[in-house]
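Here's a structure for you.
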Amino acid sequence: MEVALAIVIGALYAAGLYMMLRRSMVKLIAGLVLLGYASNLLIFVVSRLTRASPPLVPEGAHSVAEPFADPVPQALILTAIVIGFGLQAFALVLVRRAFQAVNSDDLDQVTASDRPDLQA
Amino acid sequence: MLPILIPFLMAILSIINWGNRVLHRFLALAGSVGLLFAALALLTTVSEQGILSSNTGDWPAPFGIVLVADLPGAIMVLMAAIVGLAVLVYSTASLDEARERFGYYPLILILLMGMCGAFLTGDLFNLYVWFEIMLIASFALLALGGSRAQLEGSVKYFALNLLVSAFFLTGIGFLYGMTGSLNMAALAQALRAAGPEQPVTTVAIFFMIAFGIKAAMFPLYFWLPASYHTPPVAVSAIFAGLLTKVGVYAMIRMFTLLFVQDTAWTHGLLLVGAALTMLSGVLGAVARREIRRILSFNIISHIGYIVLGLALYRPLALAGAWLYLIHHVIVMATLFLVSGIVQRVGGSFRLARLGGLYQRHPGLALLFLLPALALSGVPPLSGFWPKLVLLQAMLQDGLWLLAAIALLVSLLTLFSMMRIWVGAFWSQAPAGVVTPAPMASVERRMLYGPVLALLALTIAISVFSGPAFELTQRAAEQLLNPQQYIVAVLGESP
Amino acid sequence: MNWLLLHVMLALIWAALSGELTPVNVAAGFVVGFLVLLLARDALGCQRYVSRVPRVLRFALYFLAMLVQANLRVTLEVLTPNFKARPAIVAVPLDIRDEVAIATLANLITLTPGTLSLDVSSDRRVLYVHAMFVTDVEAFRLEIKDGLEQRVQDVFT
Amino acid sequence: MTLADLALYLVLPLLGIALLLALWRVLRGPRTPDRVVALDLMITLGIGVIAAYAIATDQAALLDVALVLALIAFLGTTAFAYYLQRRPEA
Amino acid sequence: MLNAVLAGFVLAFAAPQVARHLPRQAGTIAALLPAGIFVWLLNQAEMALGPGVVERWPWSPLPGVTLSFHLDGLSLLMALIISGVGALILIYAGAYMQGQAQAGRLYALLLAFMASMLGLVLADNLIALFIFWELTSITSFLLIGWHYQEERSRAAALQALIVTGGGGLALLAGLVLIGLVSGTWEIAGLAAQAGTLQDSGLYLPILLLLWLGAASKSAQFPFHFWLPGAMVAPTPVSAYLHSATMVKAGVYLLARLSPALGGTQEWSLLFMVTGLVTLLLGGWLSLKQDDMKRMLAYSTVSSLGLLVTLLGLGTKLAAEAAALYLLAHALFKGALFMVAGAIDHASGTRDLRRLRGLAGALPTGALAAGLAGLSMAGIPLLAGFAAKEFIYEAALFSGGSVWLLTLLLLAGNVAFVVVAQQMTLRIFSGASLRFEHFHAPGVGLWAGPLVLGALGLALGLLPEVTATLAGAAARAIYGAPVTIHLFVLPDSVTPMLLLSALTIVAGILLYRRRTKLEPWLNWLDQGARLGPENAFRRLVGGLPRFAERVTDMQQNGRLRSYVMWVVGAWLLLLALTWLLRGGPGVPSDLLARLADLRFHELVLVVVILAGLASVMQANTLLTLIVSLGVVGFGTAIVFILFGAPDLAMTQFSIETLGVILFVLVLYRLPGMVRLSPRRTVLRDSVVTGLAGAVVTLMILVITDVPLVSPLKTWFADASEPLGHGHNVVNVILVDFRGFDTMGEITVLGIAAIGIFALLKLRPGRGGESKAGDGEGRT
Amino acid sequence: MTSIILVVATRLIFPLMLMFSLFLLLRGHDAPGGGFVGGLMAASAFALFAFATSVTRARDALRRSTFRLIGVGLLFAFISGLPGLFAGSPFLTAMWTSAEVPVIGKLSSVLLFDTGVLLVVVGVTLTIVFAMAEADEEEEE
Amino acid sequence: MTLIEGLTALLLLTGAFFMLMGAVGIVRMPDLYMRMSATTKSVTLGVSFMLLAVALHFNDLAIGARALATILFVFLTAPIAAHMIARAGYLRGVSLWRGTISDELQGRYDEETGELSSGAPTMAPPQGEPED
């Protein structure tokens, strides 16, 4: 499964970046979301996969019996997911406000802050 | 610990008492004063006792999250505290009521907390968390107010900075997948022991890109000039002074502690990057005709200088880089704050619409001129010393072209800054520009006070460049002797 | 509802007495508990509860049967190559007035043979239902009214 | 054949095929409500997958996920519906 | 000496206050400081002429930096000029600026400049010297831009700053190289390292860098143009900075370093050629100027060229000549500038064509100008005469192409004679003109030129004093003991005397026929002056345009182009690394590793990939959201299958919440733009496909070897006994790595604040704009 | 445009979700769950309530300002780190009481921390959802 | 194989079968409403069977309770979700299959207020619209 997931992750990266290269603000966010999935899955896979053995200490035991899934990447991904959620939520609202300001979803219209001299 | 907790607590209290402007102001000022004292105490302790490390939750390293205060970190915490305080005082006079009501102060506090966390953490993933804290706080500060320019700038800022997050996380994943560690000291050990089958250098490239974007290196800096000139000046100031430095700081950490397997290659790449960054940044500064945009591009070119110090990878250069870092934090913050006053008294940031300030506000002229010259590296001001040190380092290594570029950049910086001087202070204001109402004395005090304080600090660094250099030299030694760091974190016998 | 609580307690006690809190034991506990309540209904004054339990159970069984039947029919429809379906949207006038009852009815309709509650009119007098197998609209209306609506009304009174 | 094998080699593939069918509808549409329904179906199928997988691997802890999934999926579908009916016709 | 320098800076800050309270006397009061320094210097003269006075201040541990001063013959001569002329200039400025509001600022800047210049000549440390060097550039910049309301002034100031500042940076590099090569940063110790320096492979670069610094500062060809331009400054400034002192800094530097670096062929060639070209160019261009100040400025350029030639020559005689000329020139040129200023002040014009017969109206001026002019022309009895004698002597005994050199020097000196006549005969003689608003200048404006002119005479009459002073300087330049023998009047006819006479005669003839030279001079002007200046103008003017083009090309406002830069840079770096440093390796047994894939897992992979394809194809918002949902759902199922129920839960919940937000926020947006042409799509696909492949490869390589994670086992063992929890992930989250979680919820909290503010705080709803609130663009 | 069917169902689902949220919080230390998912569950409950009725009513049902929830949640997390600090250990050192409370289990600073997480998540999610829904309504006018 | 195990297997298989049928339904049915009719039921039933199987398999109160709770939730939410989507679809004008024999909802919605009347139709039927 590692191989298959490696391909999936590569595809996620590719698709995420591809979406970021589009002109639409909404697609931009979609791209960021995909990159989020990609990096989370990557951490998960790179830390090696273990089928179906969550890192739970059985009742009465003091430790988890091998084999079990590495809990560390899980904790990291959890944090990353949540943080990513906060950022994405903000980004969404930002895009909508930007849309209202520019009156377009086209990122190529969002140029005023770089090219001052065009406006002066 | 305290540098993180003090602003955090004040921010929490502010959020609980949402909407109470006066209380927010008070909490923010109290928090930043507290932060300043804590930072001073930390620096003193670290300077006297060496590297400190504290295990959060009392879990032993490398299992729990470790906070490590070495000299480089402690110095940066102090910088954050200083600029934070100055900006907050300035904000009390410069900020509109609406922004104050909508959480400006807690956001700044959290930003400061995030920086201190990033400077102090000894855990790679925790560093990511601090980065995100800073990122979200800076998003919010950047967009707070919601003018079109702000929103447009924010879109680019967030898009490219989220790209950083992806790269950073990917890099962390790779490192964990190779070593099973997150603790930076443990990672350093593991990577030193890593066999040739481990693609360490490739992973280093991921981090180089991630922090290259953060630090605003060529060709990854585009978000910066697109956004830094859009928010209120106080926000610009703290961004300009501190935020990009966190990226540089992280870059230096990574490439002194973790990725030193193939310095000839990685640091060579950084060297090229630094040179291109300097050049393209300063060209941008020359191209623009709006004060904050010029300053923004100058941030980039000078980031190049700092990275250069890292890329040369020797004690002298790193000491110079760190001195440059200190100088640049303060001077950039000063210049942005001054640009705010210029806008306040002149009515604009655009050179074409400014003029005559030399005559009407000679004091302000001096307040601009000194940091501007310092930024350009005019001796004996603060920017000169690190430039001198770096120049020596470059010439010692026989990097003629690089030295030439560095000097050219220095000249062009001067040129760009003097264009501001000529355009805003010397030239006549165009007809039809309405002069804004004069300032009340409280406003004046709150605006000029922080600028004067920062300027005094600039001059202090200029005059006492010696002690400052000694300090950064020690900091550089710590950076180049990771063993110290590793022992401080993991104990004598890891 | 106090009686339900008592019933649950009885079931749990039974399960505990049997030594292990397993679903099977709890289920047995419920049966036993019902018997106890049935026997003691005059003493306790829980006649209404006791009489309602079978009605609810009966309803549940009826419903389950319909559900299975519906599924089989849909399965058949899904698997056969050409559609025999005659779909329609039918307005079913409502007699029940209680909000909860209406909602329950609507949901049950959705869950049963080829039907789907679309909406309730703003004055809550008509339920609009989409159905897959309608030969006669009026017959369908009656089927709903006499079947499900009636039973729901029983349970809710 | 043990129960676990049954779940793993018969039930899960069945559900997998079901998932693919639902996916086809998600991709095919034609209208947004169709996609939403199909996505909702996929989530419910997910609950089934969890149940089967819990039996196959003897991991009861997975059931909590199923519960969360059931509750949360409903909210998502509601939100979609909320949107679908609010958006002006055009 | 530190005190003297510091006093200058401190007083500079006080000057505006003084000027506010005592507007009339401020200039004179300010002059007290240089006067005091002058007296102190005279006091120290004996020591300075002997062993020299050294002062060392421990200042900085920065490599190479000490604050050390050294007063020897050369620095004494310069310091005396600086403080002496400085005192006179301040008095002059007091009169010149009478009644002007900003006079205080001028005094301040002049004092600051004086202090910088003093520091420059007294410094004994290479870096310290450079610091003062740059300070003179900055003060000069501010002084040239004095009439900042005028575009001309601003441009001239910027021009001077860029030229001298750029040169300064080259100098810095040169100085650092000197320090690195020689191992010493103290100038006094450099001479001992002359061998090391001159044998070093870096000698030539050092020389060239030095040349850049000195030539730009001392207005040598091709950097000479900034100096005439600088004449837009008030006359006191021109007289002080741009004739007597600052422009000598480059010359001083060469003089100072010639013991260590001079004496080689490269040195001579470089500086003699530069000096001679400048001498002739400046001298002959001065002939066609109608503006008094510009004429003097060109003449100054020429004089500086002369000095550089002498230093390039590097003989003992040349050193003597240079020292003498340095002194004489400071006196007569300073005086002439001040005369020009006084005339301008009185008549309102500096145009030579409009000035005639002023002797009657300005007798004192005529006297001062006469004295200075005679010295300049090299008439016996005056300081300039002796200097010219030595110059010719140095040329005649130079040992190289004697006649060529002599001829060229003669040609240059002739021009000085012409200028001297212009400043005396042409203005003061003849029938007097009438001026509308003529007011005779007071004593303050005449004191300076008169004193300087008289000093020129005095030094001519007191040859011992002159010889001692110049001799000590020459010693420092030559690097070996030097004794100068001077006479009041020549006692025999020497070749030098004949050449002097020839110079004067030729000068007089040329003055009479100067109009005939006009076309020829115009050609010279076009080629030599406007050439470099135009090049500079084009450079400085074109630079912003070029910068703008480059910047706009990169900073084009299109986010996708920025993203492309990032991805491109990343791939490029990886490609380079893999090509030049070896790739990440090749994963082994891919097929074997792929074989354990189960059917439901394959289904999952298909689901995710199909979702992805749908995301990329989506052209409506909702399709996009639903497709994203599919991908997220698939990810969550992966978490379930591989033992991460907590992750799956969180992923599902976040996913759903994300959908809700997406829908709530975006549903008002119209359909998405789909504008990319096929080529862009293709390019993007290739690039991003490569990026994805890189990631895939990295994962495969890294997972190829087993991972031994100390963390994994430690957490699994510690969770229950130490963390009191059975769910290891949760224990990590809230306890082992609770700090992360604290950060995580902080992020969430801040996101909420940000979103709230974004939605509720709109422009126009907030308060009014305050400082730095952004330009009111909406 | 609300549906009576949804409104009625919400009355039942809302408390169930809240209950399940607490369940996830308390059991999180031993089984999948925890403050974060618990918080999301609680927030979902209120969000559902808002969809079924209105934001105003949902706000009323919450009875606290969302910012206060965030602040208090963060404060909980902060305070949970203090006991260790006062006891001379580093920040966030876990403190467990020996008292076993029924249902909840052992009281600890860790539970306080997780509760803080829950409150923050609820506050944040609802701040966002409410603000968006309100902005939406505003724009509709 | 014990009785319990056999029952579990049966439930599991039946459940999976019904779920598959639901998926087939959503692919095969010609319009939105019929798709929903086909899937909501079978999937609800299928998932319930599977959860029952889980409860039986583990035979643990806590697990069983959670399985039952999940079933309860599914039963509670599935029809509501279906109703919400179907209604939204109708409001957006998702057209009915051409074989539909009658539409008594036609024209009952007030476009202005969104009120749904119980009386006679007053307005034109909603038209199918192109892909949204």
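Each chain carries a letter (A, B, C, D, E, F and G) given by its place in the written order, and its residues are counted from 1.
Operating definition for what follows: a contact is a pair of C-beta atoms (placed from the backbone, for glycine too) under 8 Å apart; a residue touches a chain by one contact, two chains touch by 3 or more.
Nothing here was measured: the structure is a model prediction, and the numbers come from that model.
Q: Both chain B and chain C are touched by which chains?
A: Of all the chains present, those in contact with both chain B and chain C are F.
Q: Could you let me know which interface, D-G or F-G, is made of more C-beta pairs in contact?
A: Between the two chain pairs, D-G has more contacting C-beta pairs.
Q: Let me spell it out: compute each chain's centre from its C-alpha atoms, then which one is farthest from chain A's centre?
A: Farthest from chain A by mean C-alpha position: E.
Q: Which chain wins if you rank chains by how close their C-alpha centre is to the centre of all protein C-alpha atoms?
A: B
Q: Taking mean CA positions as centres, which chain lies farthest from chain C?
A: E
Q: I'd like the Å distance between the centres of chain D and chain E, where a centre is the mean of that chain's Cα atoms.
A: Distance between chain centres: 69 Å.
Q: Would you mind pulling out the distance in Å between where the CA atoms of chain B average out and where those of chain F do?
A: Each chain's C-alpha centroid was found; their separation is 36 Å.
Q: Using mean CA coordinates as chain centres, what's the chain D-chain F distance in Å?
A: 26
Q: Taking each chain's centre as the mean of its CA atoms, how far is chain A from chain D in angstrom?
A: Computed value for the inter-centroid distance: 22 Å.
Q: Hey, what residues on chain E touch two or more of the other chains?
A: 548, 552, 555, 557, 559, 563, 598, 602, 620, 622, 641, 643, 645-646, 649-650, 653-654, 656-657, 660-661, 664-665, 668, 695, 699, 702-703, 707, 709, 711-712, 715, 725-727, 729, 733, 735-741, 743-756, 758-760, 777-778
Q: Give me the residue numbers in chain F that touch at least two other chains, ranges are fine.
A: 1, 3, 5-6, 9, 13, 16, 20, 30-33, 36-37, 40-41, 44, 47, 67, 70-71, 74, 78, 91-92, 94, 124, 128, 132, in rising order.
Q: Among the residues of chain D, which ones contact at least 2 other chains?
A: In chain D, residues 15, 17, 19, 29, 32, 36, 53, 59, 61-62, 64-65, 67-68, 71-75, 78-80, 82, 85-87 touch at least two other chains, as defined above.
Q: Where on chain D is chain G touching in the complex?
A: That would be residues 3, 6-7, 10-11, 14-15, 17-19, 21-22, 24-25, 29-34, 36-38, 40-41, 44-45, 47-48, 51-52, 54-55, 60, 63-64, 66-67, 70-71, 73-74, 77-78, 80-82, 84-85, 87, 89 of chain D.
Q: Spell out the part of chain A that touches chain E in their complex, as residue ranges.
A: Contacts found on chain A: 1-15, 17-24, 26-28, 30, 33-34, 37-38, 40-42, 44-59, 61-64, 68-72, 74-79, 81-83, 85-90, 92-97, 99, 101, 104-108, 110-115, 117, 119.
Q: Please give the residue numbers of chain F that touch chain E in the complex, ascending.
A: Against chain E, chain F makes touches at 28-37, 40-41, 43-44, 47, 66-67, 70-71, 73-74, 77-78, 81, 91-92, 94, 96, 106, 108, 110, 113-114, 116-117, 120-121, 123-125, 127-129, 131-136, 139.
Q: If you look only at chain E, which of its residues touch chain B in the complex?
A: Residues 59-65, 105, 127, 130-131, 134-135, 138, 141, 145, 148-149, 151, 154, 157-158, 161-162, 165-166, 169-170, 172-173, 176-177, 179-180, 205, 540, 543-544, 546-548, 550-552, 554-555, 557, 559, 562-563, 565-566, 568-570, 573-574, 576-578, 580-581, 583-585, 695, 698-699, 701-705, 707-712, 714-715, 718, 735-740, 743-744, 746-747, 749-751, 753-754, 756-758, 760-763, 765-778.
Q: Can you list the residues on chain G that touch chain C in the complex?
A: 18, 21, 24-25, 28-31, 33-34, 36-38, 40-42, 44-45, 55-56, 59-61, 64-65, 75-76, 78-80, 82-83, 86-87, 90, 96-97, 99-106, 108, 115-118
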